[in-house]
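In the two complexes that follow, chain A is the common piece, with chain B as its partner first and chain C second.
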Partner chain A sequence: MSGARESGYNFAYLDEQTKRMIRRTLLKALAAPGYQAPFGGREMPLAYGWGTGGIQVTASVIGPEDVLKVIDQGADDTTNAVSIRRFFQLVADVETTEATEKATVIQTRHRIPEAPLEEGQIIVYQVPQPEPLRHLEPREVETRKMHAYAEYGLMQVRLYEDIARYGHIATTYDYPVMVNGRYLMAPSPIPKFDNPKMQDNPAIQLFGAGREKRIYAIPPYTSVRSLDFEDHPFRTQSWDQRCALCDADDSYLDEVITDDRGGRMFVCSDTDYCARRRANGHVGAQGAIDPVGEKTDALSGDAQ
Partner chain B sequence: MTLAIDARDLAPGFADPVFDSQSAFRAIMNAIAYPGRIERFRRPVAAPAGLSPAAATIALTLCDFETPLWLDESAATEAAVAYLRFHSGAPIVDHAGRARFCIIGGAASALPLHAFHAGEDKYPDRSATLIIEAQSLTSGAPRRWRGPGIKGERVVGVGGMKDSFWDEWTLNQTLYPLGVDVFFACGEEIVGLPRGVATEA
Partner chain C sequence: MSAAASMRTRAPLMQARSVTRSYGGNIGCRDVSFTLYPGEVIGIVGESGSGKSTLLACLSGRLEPDSGVISYDMRGRGFVDIQTLSEPERRMLMRTDWGMVHQNPRDGLRMAVSAGGNVGERLMAVGARHYGDIRGEAQNWLAKVEIDLERIDDKPRTFSGGMQQRLQIARNLVTTPRLVFMDEPTGGLDVSVQARLLDLLRGLVRELGIAVIVVTHDLAVVRLLADRLMVMRRGEVVEHGLTDQVLDDPHHPYTQLLVSSVLQA
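After this line comes the complex of A and B, so read on.
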């Protein structure tokens, strides 16, 4: 505990009354899956949009025995992930990891790890806009009524208009889901590729929106259905390419521009998954030359 | 109920409030996330007369000045009331329907579930959380639980409930997403029963 105590902050930064308030909200959110419970979001020492909601949720659940992983768009080594991991090392002195299966608490921005989650793990999503209906109905009093009476026709219309205009549902991230057959929920801006992972997941899924001051949750083994139509069933993205580094054909790929002559490559967005595959001997088309200077020792190391 | 708290015989609260309550909360959250699974408090408080360590630990982990608390006759011993007021600061209310947390010591003669706040259409999170002292978490008549948090179904035998409780629970469950949430407490262990779980004999 020495790090936390020397820092002059309470363990995990938040005061105990705030943690109690957030903990009560989390329990009610788990009892009504997908429902957006208001909470007294606090000012955090970083700007809205950088994961203040997720940080408050993580701070309220994390303990000294936890192992924390933080990812941003799947990567453990990007700015947002590094700074949040450092924050909790400073104020909570917890062990951190990049390995998905070692983590007990995973805070994420915009991805669900490729490795399946297990019972005993908690995944905390950072949510910019918790209200899936906000772009259709700007008034909170109205959207709250729509949730209360399960009036979700408007969202089906939006998806239908996509089909009428483009021939398919064009929403590719933050793709709306029905949770436990009752609440329409924004899964945060994860790619729709990750939507099926939320369904019947053994882990506890918690969502925190700091600016909008909302918490919601999906308990383990809960139905999470992506909205669709009988004749236009929900489909995830797929790629013609494989990961250029680890040759994976089952993971979410990012397109990376490698030079100014049109050179590009597709690589796993989940850096832990990719590094693990390469450590196990999988080599992609460009895996041997390490063109983006990516860390090859991701497995050995912890946070920087 | 007197206003002054007699602190002379007060049982102690958490030895280390920050870490004990964090550890307790994880057990509570697991109980509500995995309904029917028995969770044991590793660092429970020493409970006053009238409360089990598990019920007292839940109250001290979750209650404070923002959460009106109601106790039934068998839980509302002088020691328990003084203990909860001193350690949690929660206002003790006389009307069950106004409380956010309710501790029920006499499960066999408890008020019907509709006596407690079920939440509001637009704010189902405002419903009451009941902490019910159960005789046992394993030796009661087995019931099959189904719902969010349960893979398939789970057989749970909460002991000492009155006959009508499970009928009332079925009614509570039909209010979903409204409805009360329950923790059964026994010794240092709890079992969670959130509103979304249906049970049958």
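After this line comes the complex of A and C, so read on.
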């Protein structure tokens, strides 16, 4: 706590009253899994789009004993992840880690770690657009009614449009899910590869949207079903190759450019997972020659 | 009208009793009563501001009347005062057993969604989850409203006005509603396009036995489509009867004026 005191901030930046308000919203969100609970968001010392919603949620649940991991696109060392981690080091003085299983709180943008989460862990998603129906129905009053009355045919229309245009469901990230058989939810722009991880997850999953001032949640062991059609069932992405560095065949791969002559390779987007595998002796096709640092440089330049 | 005669022997589909709605001091519609039978088409005519749209909005549950009762024979439930329905029940009715064709296709279509998606939406809203089946139904209905199947994946904004109206009709009829509300369905269309649309509408309505309440200021529309006619003036129904009788032998001076086409230009 000394760091926080010295810096002149309240612990974890937010004042206690704001934290209480956000915690109440979190409880409401956990009680109605997938329901977007409005909250009185605070101005944060970061621009919207930098995860202000996630930061407020993290600030409200984190305590001095917590261990924080922050990832962006699966990596711990991208600009966004680094600045959020530094922010919490400064205002909460918490221990940080890159190891998924050591973390008690994980704030993420665009990925769910490959290592299975466990009971007692909290994962906080940064959400740019909490309303899955927004593209098709711009009126907030109307989307609110659709959620209230569970009128979700319109979401199915979006998937229909995908198949009509591309022959398959082309939505690859922020792929809509039904939570606990009741609320339609935007899982934030994680790849659909990660959708099955939300299902029956032992960890607490919290979602914060700063600009839209909405919080939603998935309690541990909750049903999370990806929408689909009977004749076009939900499928995750798959690759016909393994991670070039750690040889994993079960993780989400990013294509990265390795040189200026068009060289490419596929590597784990989850840098912690990849590094751990290599430390355990797994070697991919280019794992022996390629230094670790180069891969992460390529990744950070690849942010969407 | 043999169709109208046989309707009398059936139970009514909708009944309106003394429906009244005003806007502050302005009368919207006043003391309107009628009975609609299954498969029957009622036309509501009258000059601009006579209360046609207000009445239609009340009947379709989009506007609450100040007084009066509108009851509807709900499938599996019998007669229900539509004011007693909860909002989700009313919305469910609106996308299953009822339909609404708007004058402006923008109000009735999703302009950012393909023609097929527009038609399929209601099916998906009631639980259809087989893409092939939904698409098959959409094709079916596009054919019925004479839209080239090649256009199934095009957005309605690339359609002509007449095509947009036909798409609206297909989008509504796909769940085989028993009652469709129409507010100036041919308004803003060229005369030749209007004629084709009316022809198509008449065919579909007869074939499927759908009841229609159609609001228009165009007597040609009701002449072609409506079994019965209500003439409105200043919010009230001044004349009511079989379409041909009202148009060929109008009793109320206002109707006489309307028919003599003085007010039609």
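Methods note: the second predicted complex is superposed on the first by the 291 of 304 C-alpha atoms of A that agree within 3 Å, B and C clash if a C-alpha of one lies under 4 Å from a C-alpha of the other, contacts with A are read in each partner's own complex, and residues count from 1 in each chain.
What we mean here is this: a residue touches a chain if its C-beta (ideal position, glycine included) is under 8 Å from a C-beta of that chain, and two chains touch if they have at least 3 such contacts.
As the structure is a computational prediction, the values presented were derived from the model and not from experiment.
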{"item": "Chain A as common anchor, with chain B and chain C clashing or fitting", "value": "fit"}
{"item": "Partner chain in contact with A:Glu118 - chain B first, chain C second, else both or neither", "value": "neither"}
{"item": "Which superposed partner A:Val61 touches (first chain B, second chain C, both, neither)", "value": "first"}
{"item": "Which superposed partner A:Asp250 touches (first chain B, second chain C, both, neither)", "value": "neither"}
{"item": "Angular separation of chain B and chain C about chain A, which is computed from CA centres of the superposed model and rounded to the nearest 10 °", "value": "80"}
{"item": "Which superposed partner A:Tyr35 touches (first chain B, second chain C, both, neither)", "value": "first"}
{"item": "Contacts of A:Lys145 with chain B and chain C, given as first, second, both or neither", "value": "both"}
{"item": "First, second, both or neither for A:Leu154, with chain B first and chain C second", "value": "second"}
{"item": "Which superposed partner A:Asp231 touches (first chain B, second chain C, both, neither)", "value": "second"}
{"item": "Touched partner set for A:Ala164, first chain B, second chain C, both or neither", "value": "second"}
{"item": "Partner contacting more residues of chain A (chain B vs chain C)", "value": "B"}
{"item": "Minimal inter-chain CA distance - chain C and chain B, angstrom", "value": "10"}
{"item": "Those residues of chain A which chain B touches in one complex and chain C touches in the other", "value": "145, 148-149"}
{"item": "Residues of chain A that touch chain C when the two form their complex", "value": "135-136, 145, 148-149, 151, 153-154, 156-157, 160-161, 163-165, 228-232"}
{"item": "Contact set on chain A toward chain B in their complex", "value": "10-11, 16-17, 19-21, 23-33, 35, 37-38, 60-64, 119, 144-145, 147-149, 180, 182-183, 200, 202, 204, 219-223"}
{"item": "Contact set on chain B toward chain A in their complex", "value": "17-19, 21-23, 25-26, 28-30, 32-34, 61-64, 66-67, 121-125, 127, 129, 148-151, 176-177, 181, 194-196"}
{"item": "Chain C to chain A touching residues, read off their complex", "value": "87-88, 91, 95, 110, 112-114, 116-117, 120-122, 124-126, 129-132, 134-135, 152-153"}
